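Chains: A, B, C, D and E, in written order; residue numbering restarts at 1 for each.
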């Protein structure tokens, strides 16, 4: 009996360390990744990196076009996904009846979340670029990325709406509010922080997406910033990808600077999401 | 007399709208328009699915007019581009995809679940609160960056010392990078699933005199199984679909091999290679990517649907 | 002086799908009185309360037979405007459930959705309602602070103020003090005492003591039935039904 | 006959971070008796109960001063084996919390982790514990069904059976019947009556009636203090503290 | 004077890309309001877009194929070919490779022909190591691939297929520099930039260099690089200006990138002038 106790305690200890090693592994990799990027990325990084366009001289290459392109595409994508994602989640959680059709729609959305991003690229190429004749424009890129992250945004918005206690809905109804009022004035504001957190995390994924935009044909050297949503564009990850394929080895450092910039952007976005989450999770 | 009695009267709107809503609306102000706007936005995701299916099927149709489906699915040589002996056996690409997915899963699943258990059962809440956003950063790192990390760091600095004859482009470093990429997803979603197990069940287990490991392994994990499994499945479908990491680090050589030290090509790797080149619209080569895309789509779709059916069985409903 | 009936409950049965939660309930609720409903957990008190403002409509598979008259008119007719009904019959819940908005916005919510947009008018209603709920003095300096920053007892009074702001005729309260400490409970009970001058109140409580303290009439529920309904004094001092007596004296519950 | 003390609580203070939830509690729990703890919500009853099997260890920032002796030995020493302590001091919670496993597996869980692997032996313990919790007859034909398919009352008795299966010496119950209907409550109360032959029981309850019915000793808590602790009859008929009297007679709570 | 405005869309060869990119960059300093985009999708990919009118100019490292020209004609697109300069496709091996210093065209053919039986270095020359030869080459969309297969294997596009194929020449560079037994080919610019980690192999005894390429000594792998222009686009002032700028500066910039310029661009410039009017 005492032996058994010892064994249980030992197992408990061993696994504690195994799990600790596991989680450290993730952190070590992150540290290595950041070290790798920072050590290479800071060599060529200066302020002008942000304000210059790409160049055939690595020391003169800048990310302005990609930065603006990313801002344009993401800036267009955010309102689209926020609106469509939130509205869909509201429909599914607050309006849809519990029937087979609703289940099917929910299953469909869950499935879309698992579809490879490159397939969305094919969809974007086929529908937006070719069929709707938008060309390789900011709009086509933003729409493609919107469709890509939409399932994730919908699912997280659904969770956020589910998290709103029924007591609030009941309180509103008991005051004589109708359904839409209750949703719009009570449920939605309560769920908004979580919805926005989910959106930010989805956006930070979209910022790094490369494959679907390559698929669409956004791989371009541009010396200008987009002036409208029908303009051609490039985005940061594509510029990074492009630099790594250039003959001069110094471009590897330029690419690292680009990665570093992306990483910083990611830090800011995640920090924002975390901030919102903790600020509003305190009840 | 009471219309509560007739509440379930059938009408076409009851197919799309919960009949309850009607009772929540005043005569004066129905906001009926809103209902339809919401319904319309929901159609976006339905249309997306339809669009994907349409595009993939119509364009692969042209491919399968020229290449028999069976040859495509069972052929063991993939050479759709370089003459003279073109061959369209997709198995090398499927095998490459499987290798990457397998390797990534072997890394991400145990490490991810272990980390999630550590965070919920062992670590202080403060530690967990710090770790979670950090993990989310890992999840957001652009995959191009992971790709170059695999190529310029993992292979030369980590793998080369262990396997001196590893090639520059190889399945191993790519699958490790993919594993790292999906790790945060496994951690984060498994942790959510573990946290969703009612605290009362956890306390019940401790009150029985369980050690932490017993609480975790015998009560928490089984109770959260459906959520944990779905995190695995989502992560696996992400691994199957990952493109840039394999395009950068795994090489571009479609071959049937069991060695992780050699270059391979995955289905996504092939698609992006062709789209980088932008093969002429209308050529057989162009349709090839849609055939591969269709297969990829069907693979992830069936993975999702099968897992959905399995998970339904495991799902526990707590009061 | 003859008593005025504000609610007439006429032989109602209530079902959750197949489960019958209420059976054969008939009772009249008098105007400007406090009516308490007591009984062991699960006997149907809350269910009954919710039939009065039709909150049960929200529950799928719920079904009612019989009728309830409010001010002499049936509330279960096809053409009854539920939204308006709920405006006239307010409700306060067991757990304080303020909206995660400012104190002001909480109280102004009801008037706003019912069409009052005038700022001054709104302000007037808010102040008046907060006073009515005996909360004004405690919060007057921080109307724009989040309602969640209030204590439990204050939150509950805020919920009462919120209900008052739409000027209901009847106030339904489902165990409004069960989540509160004794001091807060005492405040709510004092408030009920005051409110009954202007409102008809139906209150569900799990505490017999509370029922005895605040109510004029008491109904005792047991397993979906209304066992006894009478003056509160009568119920507590000389119940006519053995089961009531057993319950009052703590033989179960 | 001298009374045997199974637990001696010696002047404990308990803190959640800076908040002091218990102050100066001293009391002895007698063997094979039922000790009831009553008091208004938030007074610290649950907190106190959890100090006895050190469930509070799980709460971050929780801190205890003073000591508790179990069978004459301190349970707050460095070298105390908490896992073993919890085996000897079983606990049943307010909400039934069966594991999402089969009925059999729920009861067998404790014996299994404590090293019993023999199938026949396990089966014997499960049957015995289910009988002990007066549940066996109702579930004997479906031991392999999910525990979640049971009714609330059955689930709670299952949790009691689960606790009995590890053969504890003390059984702590935190409002074990508060989520149950009167019939199920009556069953649990009968069960407690039976169990006290073999176990020492400490029960928290919000129902004074229940305390009066089932317990031998009663402690009255108020805002973290143990106001009065005495024979149940004494507490309910002739309390020595005014606050106890006020609470019992329903002047608050 | 009125500032020039408009858009010039270019796509195509990765070999020509560095030149056109340099031109676009320099041009945009002079004409900031003209928006020049340069894509990379290989010569074949470039023509695909060019032939349906998606682009104004197309970079190419080989001449347009008849089949491609037909598509352009069907779409009513008339075009003009301009030579930008000369490249020498470079056959490269790992610097640690101390045996293969030069290869004959026949040997290259042996290695690269369809269904080649060469598996190891010793299959090429018996005295070379008996180690598996690891091959790298551009993808099938690439002009380099077309030109190389044409010159070496005798048929454009015909090649063995079991090699690592990438449109991204750096993939090839990385692959070769990472394996002692590797061999591959790509445009000279990529060799010039990576001469530390690569070793060029002489073909028929001649090593590629700007001089040997310009002097037409590096045969048969020296080849012209092209820009194709849509005639109707050249009528647009911004496209005309860009092309003029291109060839006025080619003399200077082409060698910077690592290719050999034409002796004189006067003729080319005259052709642009003629098209514009």
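Remarks
Convention: contacts are C-beta pairs under 8 Å (C-beta built on N, C-alpha and C of every residue); 3 or more make two chains touch, one makes a residue touch a chain.
Nothing here was measured: the structure is a model prediction, and the numbers come from that model.
Listed by label, the chains touching chain D and chain E alike are A, B.
The greatest centre-to-centre gap from chain B, using C-alpha centroids, is found for C.
Top contact pair of chains, counted by C-beta pairs, is A-B. With centres set at the average Cα position, the gap from chain A to chain B is 15 Å. Once the centre of each chain is set as its mean CA position, chain C and chain D turn out to be 35 Å apart. For the pair chain B and chain E, the distance between mean C-alpha positions equals 39 Å. Spacing of chain A relative to chain C, judged by their CA centroids, is 47 angstrom.
Chain contacts: chain D has residues 83-84, 113-114 touching two or more partner chains. Residues of chain B found to touch two or more other chains are 24-26, 29, 211, 214, 276, 278. Across the assembly, chain E contributes residues 40-41, 168, 171 that each touch 2 or more other chains. If you check the complex, the residues on chain A that touch chain E are 53-56, 135, 217, 219-224, 231-232, 242, 244-249. In the complex of the two chains, the chain B residues touching chain E come out as 79, 81-85, 151, 167-169, 251-253, 255, 263, 273-274, 276-281, 285.
Those residues of chain A that touch chain D in the complex are listed here as 1, 4-5, 8-9.
Only residues 54, 56-58, 60, 62-67, 74, 76-78, 81-84 of chain C touch chain B when the two sit together in their complex. Looking at the complex, you find that chain A touches chain C at residues 98, 165, 167-168, 170-178, 181, 185-186, 189-190, 283.
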